[in-house]
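You will see two complexes here that share subunit A, one where it goes with subunit B and one where it goes with subunit C.
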Partner chain A sequence: MGSITFIEHHGAEHAVEIETGKSLMQIAMDNGVPGIDADCGGEAACGTCHVIVDGNWISATGKAGDEELQMLDMTPDRAPTSRLACQIIATDAMDGLVAHLPEFQM
Partner chain B sequence: MTRTCLIVGASHAAAQLTTSLRQEGWEGDILVIGDEPHMPYQRPPLSKAFLSGEKAAESLPIRPAAFYQKNDIQFRQGRVTAINRDQQTLTLVGGDGEKDGKSEQLSYDKLALCTGARVRKVELPGSDLDGIHYLRNMADAESIKASVVEGRHSVIVGGGYIGLEAAASLRELGMHVTLLERGPRLLGRVTAPEVSEFYHRVHTESGVRIHTNIAVSGFSGNGRVQKVICADGAEFPADLVVVGVGVLPNTELAEVAGLNVDNGIVVDEHCRTSDQNVVAAGDCANQFNRVYGCRVRLESVPNATEQARVAAASICGESRTSEFLPWFWSDQYDLKLQIAGLSRGYDQLVIRGDRLTGRSFAAFYFREGRLIAADCVNRPQEFVLSKRIIAQNLAVQPDRFADESVPVKELLLADSPALASAGG
Partner chain C sequence: MNIVNLVAEKGAALVPMPTQIKAAHLLYKAKTKLGIYTEFPEFVEAPIPDVSTLAIEDIDVSNPFLYRQNRWESYFKRLRDECPVHYQKNSAFGPFWSVTRYEDILFVDKNHKLFSSEPFIVIGKAPDELAVEMFIAMDPPKHDVQRRAVQGVVAPKNLKEMEGLIRERTRDVLDKLPLDAPFNWVEDVSIELTSRMLATLLDFPYENRRKLVYWSDLAGGGAESTGGLNDSDELFRGMVDMSRHFSRLWHEKKARAAAGEEPGFDLITLLQSNDDTRDLINRPLEFLGNLALLIVGGNDTTRNSMTGGVFALNRFPDEFTKLKSDPSLITNMVSEIIRWQTPLAHMRRVATQDVELNGQTIKKGDKVVMWYASGNRDERAIDQPEQFIIDRKNARNHLSFGFGVHRCMGNRLAELQLRILWEELLARFDKIEVIGEPEYVQSNFVRGYSKMMVQLSAKPSEA
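Moving on, here comes the complex of A and B:
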């Protein structure tokens, strides 16, 4: 069983178990990770599940799709490895992944 | 002594409230009472991906049961029928599915009303025939799904978001769809005529037969609906009817208990009702909105969750407020509509993109040169930008919004910064 670590803006870490096939947003919600609001329930409509994937892990998650990029484009905390957590489906290859949470969600 | 927070209603507002209570450090008991036989689940997919079969029921819970267990959040099924504010108790009937109407009293220190809204029903000849459905909860959606038969006729009564989403989903499932709207256009209460025209076109192109300015006067059939009958004499064959003509806030409990009610349970900026031990959040609550400077009762998930956060803080003795910008979304076919703000009272509309033949455009609503709302169809960038402009009350040049040679980002740059003095 692998794990993913979400790190809040002020540094609090939340290591949670990977559930393959679920989105990173849902995994964060299931584990009560603060800082992921997920208002739209994973429709890529709200932008409140923004995470910044740590360094090289972007190769495991893949880059943002077109629609996702447009949502992220206007976000103040946008980074090159920004993603919407609801658009990343967890796989076993993500064991050890670290995702940073922005100070504010959209 | 352990303190108890009772929450009435187990949906979007309640789910967020329980979570926020624990995050805010509430150490007492939390008990949620809801009358549906489910833990809180996502309601929006009921007319969209759940109805069309793309999403299964298992994917709808907002959080898993294990989350609530871990955070010591209890749920009970049943209906709350009365609140006694002097004694701080409420009456629960049919607790945990008991059908014999047994009632019990539960005590609270803090009470949260998250009772939401229920569908407005039509009372017309034949309106109790089988095959006539409403769409608010899982049970409704499941019974609609069970009645879908490819190639048969469905009639949607009401051209609001729920009606249009249901129409799109039923078309995707291969039903014939006729949509009847009493007013002169679709989405008449919520969007500009230009946006209504767009939705009229795309639904027509997808094979929905739309009739506006038509009043349904009854339903006929032998036990089960077969026809929808209109005041002008027109009749439409129907194996399945979905009525979507709006909702009413569930405020009776609050009203009988003597709380202030006026198109929703009246709450202050901290989501407190007229009783300091009682908060309300979600579709049932009426609150002053700071961005628009008026009282509103909103029917949307983001509003329910935002108010729940504020209400949780109040219960824990803090006084948080919010600068919530109303927003909403709607999925129909391949069209993702994202709406920022409230368009009521606009005096100028600017369209960006091709709404007449295309499937991607944004409609910007201005009042006195200020952006107050935007309907964005397959235009996430414009949506996010609009939210920012409206929330921060940024000054912009309306005419430039129509010019697609100006990149979205530059609609903001090069313009003057926020006018600090131009309040609400």
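Moving on, here comes the complex of A and C:
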């Protein structure tokens, strides 16, 4: 049992419990983390669950796939460790992970 | 190769754009006279039969009167239930597949390699001589480059700057409305507010803003493209006028920038400051296409959601009561309005290879129409989809903005405009009453209102 921390653009932190097998998007939504819209419900088709994985943790989450990159390409706040939270499936190895939220979801 | 392309390549800088379009128009008229083209027939309205009387293969949802005659829900429901991927082999727009369920639409929208957006994203076509190029009708990678050049204009960062301006204008328009007397909401509110917004996005002369509406209505309302009322001659004349204004605007902005004027956040400035688009004026078809795309994108869509919201709250009066007692529901209601209205009924693709979809084989080269209006009423994806529920759970999960690389670029601006409209309406009016039945646009693409009479009552003073 571990936790993941989402940090909003203005600095507010939200630590939520890991539920293995669920996507980070779903976990954020279930816990009422603001700043994630998830318009397409988890299909990597809208880009509104954009998170920037804290540098050291990108090895745990892996990098964005092709489909995901296409959506991320359209986001102005895109960073090297940008991911769509719906495409990251939580594992116990992510205990302590930090994900930053962009100022806006497109 | 058509004449516009030819002239464009030989030396667009030498021949003014309006002249090029005029030449194309002459060519078009000549070809029509010579019988090389047959004039696209006008649509004549006839009563649409009850869907239960038709054989499944005879159902034709490209009929531009389906929405006006309120048959669209039953027609699409039958397709969703009995034949969710449906082939109509002889419509006025030629043979096409209809994709009507939410999940299948999502699949098509996401898979741009299987389903190309070229050459058009509406069910029909534009005259060959007016085959303007817009990035909504391009595939990656060209699409990505052009979209990136302009999307900053409606990016959330820019919107933060614009919010105050939008609110000020909304107040100005609402404060001038009559009380206790009917007026045409479409004209006085929806069109007025969206035209002001378009003029700002383009830094277009404010007093001429209704021209933007006219051009946009022309570009999206052709009989041959969407079953609309406009004929090709009017379209050509309009595009000549539009290209004249936009070329002038382009050159003026360039001169002002050269003279040291602080760059604005408008679209033309963005295009001129991006390496990929700074010489767009020399590619007239792309120049016109992309400007037309931006005005069409911000015109019919928001306009009809502004009208549709009022209409929906009149059809579902309990929701208006709910809204008045809890105005914090506005944000969620805005998504619900956009779903319920679905201002654009469809987007079209062409299969790039044979594809199996829900039991049907779509052949390479076939036209595939995703009916967002149907997907947004799909009982499999949305609970009680015909109901307008302002506090609907997951209201954001609608199809109206599309999904995938072509997802609506102006979605945040649209939501912002609608949110502010409703905040300001609730602050002023106690009743917003639709009088009689609205009148509807003739189209299989735009789900819109041409007229809706509304009467307002002021809020009782709180003293």
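In the analysis below, the second predicted complex is superposed on the first by the 106 of 106 C-alpha atoms of A that agree within 3 Å, B and C clash if a C-alpha of one lies under 4 Å from a C-alpha of the other, contacts with A are read in each partner's own complex, and residues count from 1 in each chain.
Here is the rule we use: a contact is a pair of C-beta atoms (placed from the backbone, for glycine too) under 8 Å apart; a residue touches a chain by one contact, two chains touch by 3 or more.
Only a predicted model underlies this, so the values are computations on that prediction, with no experimental measurement involved.
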item	value
Simultaneous placement of subunit C and subunit B on subunit A, clash or fit	clash
Contacts of A:Glu17 with subunit B and subunit C, given as first, second, both or neither	neither
Which of subunit B and subunit C A:Glu103 touches, first, second, both or neither	second
Touching partner for A:Met71 - first (subunit B), second (subunit C), both, neither	both
Which superposed partner A:Asp92 touches (first subunit B, second subunit C, both, neither)	neither
Which of subunit B and subunit C A:Pro34 touches, first, second, both or neither	first
Subunit C clash site on subunit B (candidates 22-30, 40-48, 58-66 or 220-228)	40-48
Subunit A positions touched by subunit B in one structure and by subunit C in the second	37, 39-41, 43-47, 67, 70-71, 73-74, 106
Parts of subunit C lying in touch with subunit A, wherever the complex brings them together	106, 109-110, 140, 144, 147-148, 151-152, 155-157, 394, 396-397, 401, 403-405, 407, 411-412
Parts of subunit B lying in touch with subunit A, wherever the complex brings them together	19, 22-23, 42, 44-45, 62-64, 66-67, 70-71, 301-302, 305, 327, 329, 331, 336, 338, 379-381, 383-385, 387-388, 408-409
Contact footprint of subunit C on subunit A as seen in their complex	37-41, 43-48, 67, 70-71, 73-74, 76, 103-106
Complex interface listing, subunit A residues touching subunit B	29-32, 34, 37, 39-41, 43-47, 67, 70-71, 73-75, 106
